[in-house]
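The block underneath contains the structure these notes are about, expressed in structure tokens.
The first chain written gets the first letter, and so on, giving A, B and C; residue counts start at 1 in each chain.
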Amino acid sequence: MRNRSLAIPYVVWMAVFVIAPLLLIVVYAFTAKDGGVTLSNFSNMGQYFPAFRHSFVLAVTATVICILIGYPLAYFLSKEGVLVRKVAMMLIMLPMWMNFLLRTYAWMSLLDDNGLINQFLSGIGFFRLINTLFGTDLTCFHMINTQGAIVLGMVYNFLPFMIMPIFSVIDKIDPKVIEAAQDLGANSAMVFRKVIFPLSLPGVLSGVTMVFIPSVSTFALSRLLGGGKTLLLGDLIEMQFLGNAYNPHLGSAIALVMMVIVLVCMAVMNRFGEGEEGVAVL
Amino acid sequence: MSKRRIPSRVFTVLVYLFLYAPIALLIIFSFNSGRSNRVWEGFSLQWYLEFFQDTRLLGALRTTLILSVLAAVIATLLGTAAAIGFYSMRRRSRGVCLAVNNIPLTNADIITGVSMMLLFVFAIGLFNASPISQALGLRWRMGFGTLLIAHITFDAPYVILSVMPKLRQLDPNIYEAAQDLGASGLYAFRRVILPEILPGVLNGMIIAFTMSIDDFVISYFTKGSGVTTLAVEIYTMVKKPVTPEINALSTLMFVCVFALLLVVNVRQARQETASEKRKAALMPDAQS
Amino acid sequence: MSKELIRLSDCVMRFDEDVILDHINLYINDKEFLTLLGPSGCGKTTMLRIIGGFQKPTSGDVFFDGARINDVPPHKRKVNTVFQKYALFTHMNIFENVAFGLRIAKTPEDELRRRVEEALTLVNLAGYGKRSVNSLSGGQQQRVAIARAIVNRPQVLLLDEPLGALDLKLRKDMQIELKRIQQQVGITFIYVTHDQEEALTMSDTIVVMNQGKIQQIGTPEDIYNEPKNAFVADFIGESNIIDGVMHEDYVVGMYGRRFQCLDKGFAPGEPVDVVIRPEDIDIVPEAQGQLTGTVTEVTFKGVHYDTIVDFRGFKWLIQTTDYSEVGSRIGVKIDPDGFHIMKKSPYSGMFGDYSSYSAEYDELNEGPDEGEDEDAE
């Protein structure tokens, strides 16, 4: 049973298909098309600063919104009975297992100028009310093809990744710990502030990792919900590898920089929340 | 108490509404007779009919299913063996292996995708320029093979994460007990270890399978030009403004996912009750 | 007596730099109940695993019935093991657990059924065959583990702290039960424990171990009455161990006085360790005492009082039914058979002073004995 050699095939597999590709990224990032070593891939990166800025601003916004929605929800759910908790968690996971492109597609038609949201708002006379109140001439909210729509897409697609780790951490808090705090004179607000919140931080940290990383690197969302008007890092990288701008050296350099920034962010964040439990998966 | 809960309940319901409204929209409009996702024009099943006649989409679905099953099975074999191997290692080397194992899980999909694409392009270029290629008259290209490799690579970590806890839960003496009673190593593994870790192995395989079905980004970069997967096909379709077939497809997918999740959850619930029973049975003479 | 069955010859076990077994020589007779007794990390479990075939000694030989078995894998040895945490197969019912070994041996079905039922009856679990492992209590699981091993009719049964996970009362019942089973099946039991009382209750022979070395081999009476060194004296029961000098045969000196004893054969004037068991000391009025001291602590223990008495800075434990006031001056009287004289050993001076006495002294011997061989390959 104790047989280390069983790991050999997979260790080799990881070396070839996990480690080697990442090393190739580094190699490509520091070489030019003719094969010579160069730093020009990095020195030219300044022109792509807006893509970096947009990606990080939108991803941070989406992550913060996910915390604001996900934390209270996870906390409320943790107070429910066993059955409700189980079903609720299953319902959180269910959309996650449906392809995110399909879910995004649904939003494309919802957010449209003639979409159901705008239809609904004009149906209840919302725009008429606004127009009479403020003397405007509004027929719809323009939502699709904006940065707001991209953030919405990120929140919608990745919210479950925030709720689940927070919930599982809060759920595991020993009720006796809370009783002990109450016994020592803490009211419910203090119990939350002094006991539950600090104990749930590791869950928040995994949630942040699991929302922020796919958000900052997404490339389809901006095209589908942002109308291609906002160029994000993911789109930029994709263009260098499969698009017209084909230049894997530049693409690798951008990917490398993104990876390093993300790693630094995560390291700093984990420093703040000592005792991180590692990234909870699923 | 119950009155104080009303705001939290309202909030919860709103979040679920947010999560499910778009899906409900897709499902409702999949039965719309018009092309639009905005105006209801009457009930019809025509988009389902069209979906089942769309050879391109069905072809992509077939490829995806074959790919996902193959990748999940291979990843399960590879990953289960690796999990036992990791479990047998000393703490340090196990830590290193698990850290590398976690890379595909934590890394952004796009990085995994482009890095593997680089490797494939690099290796294929090397091979096609080599004398072996010329001698055999064989030219490699990206396609189902590279797709399969990529899928196995990101599936296997899930299998390992699912099997490792089962191994840790094992009574450390159980394998020795079987041997002590006369079982050879292989027999002891088959009759004793495998049945004990099987739930973890199966769960790992299911997760791997769904990850493969669901993947878009990594497939997008590693598929080459010859083949296409369902997710990639969906991507090309949703870029067009109106594609009502997508609604039908979404509904079918939702039903499948729902059924699968139900199966997984029932299985888990059964395991939990079993382990709780065990705990309860052991309670009487547990030292307090 | 009966013939020799197992012999360990100059066995050494080393993990990296740690010496777990240090040149062990031991023979085990057929049909005896032998206990390996020692504190956690003393090497007793390693010794058991070497006999079971789960580990190979770094050097030295293991003989079974005269044949060298160093390289025989566990499944080919006529030895079965009862593991500490039972190691039952939770995916099989009780019957299949017990039948596991017989199925591998391709025993005919009707014989298999008969033998499994016999084994279950032996451990008082007749009729439990259909139950699942998880529905049993810890004590019952332990019995299944014993039945599973015994059904194969091994020549030797190895038991690795089998009662460690049970509560006190159940443990006492199972001690008697195990002894009964051993006598009924008539095979060799090799039993590992850190619980001296368990060892004294069940064993024909006790092997006391510490730090990879055998300290003493003997019957329970021998070990208790004639401990070979301060470690054994302290580990088995309670002992006051005092520095003394052997003046001549039958006369030992301590505290500057001469006492009659029953020991002889030491060089005149040889420094020795004097062991006096707490129950061999009588408290008498100060004037009649061979020695006088001050009572510093008294604890009621049910059948007796634990009385700590200070004799010129060295504290003794006395177990007596007579109550003495704390602070009172008392005398003690010890009969010649109350003294036991030991040669000086590396353990001299390490044990036997009750200055740091705590009322929970019993617990000190019962520390957890897990993980002694953890991470061993």
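In the analysis below, contacts are C-beta pairs under 8 Å (C-beta built on N, C-alpha and C of every residue); 3 or more make two chains touch, one makes a residue touch a chain.
Nothing here was measured: the structure is a model prediction, and the numbers come from that model.
Undergrad: Farthest chain from subunit A, going by mean C-alpha coordinates, please.
TA: Centre of mass proxy via C-alpha means gives C as farthest from subunit A.
Undergrad: Which chain pair has the highest count of C-beta pairs that touch?
TA: A-B
Undergrad: Central chain, going by Cα centroids?
TA: The most central chain here turns out to be B.
Undergrad: Find the geometric centre of each of subunit A and subunit C from their Cα atoms only, then give the gap between the two centres in Å, rounded to an integer.
TA: For subunit A versus subunit C, the centre distance works out to 60 Å.
Undergrad: Need the CA-centroid distance for the pair subunit A / subunit B, whole Å please.
TA: Each chain's C-alpha centroid was found; their separation is 19 Å.
Undergrad: Suppose each chain is reduced to the average of its Cα coordinates; what separation in Å results between subunit B and subunit C?
TA: Computed from C-alpha means, the inter-chain centre distance equals 54 Å.
Undergrad: List, in ascending order, every residue of subunit B touching at least 2 other chains.
TA: There are none in subunit B.
Undergrad: Mark out which residues of subunit A touch at least two other chains, giving numbers and ranges.
TA: Correct list: 2.
Undergrad: Quick check: in the complex, which residue numbers of subunit B touch subunit C?
TA: 90-91, 171, 173-174, 176-184, 187, 191-192, 195-196, 274, 277-278, 281-282, 284-287
Undergrad: Could you pull out which subunit A residues touch subunit B in their complex?
TA: 1-11, 13-14, 16-22, 24-25, 28, 69, 72-73, 76-77, 79, 86, 88, 90-95, 97-110, 112, 114-116, 119, 156, 159-160, 209, 213-214, 216-220, 223-224, 234, 237-238, 241-242, 248, 251-252, 255, 258-259, 262, 278-279, 281-282
Undergrad: What residues on subunit C touch subunit B, complex-wise?
TA: 52, 54, 73-76, 79-81, 83-91, 100-101, 104-105, 134-139, 148-149, 152, 165-167, 170, 375
Undergrad: Residue numbers of subunit B touching subunit A in their complex, please.
TA: Interface residues on the subunit B side: 8-9, 11-12, 15-16, 18-23, 25-26, 29, 37-38, 78-79, 81-82, 84-89, 97, 100-112, 114-119, 121-122, 149-150, 152-153, 156, 158, 160-161, 175, 185, 188-189, 193, 207, 210, 214, 216-217, 220-221, 230-231, 234-235, 238-239, 246, 249-250, 253-254, 257-258, 260-261, 265, 269.
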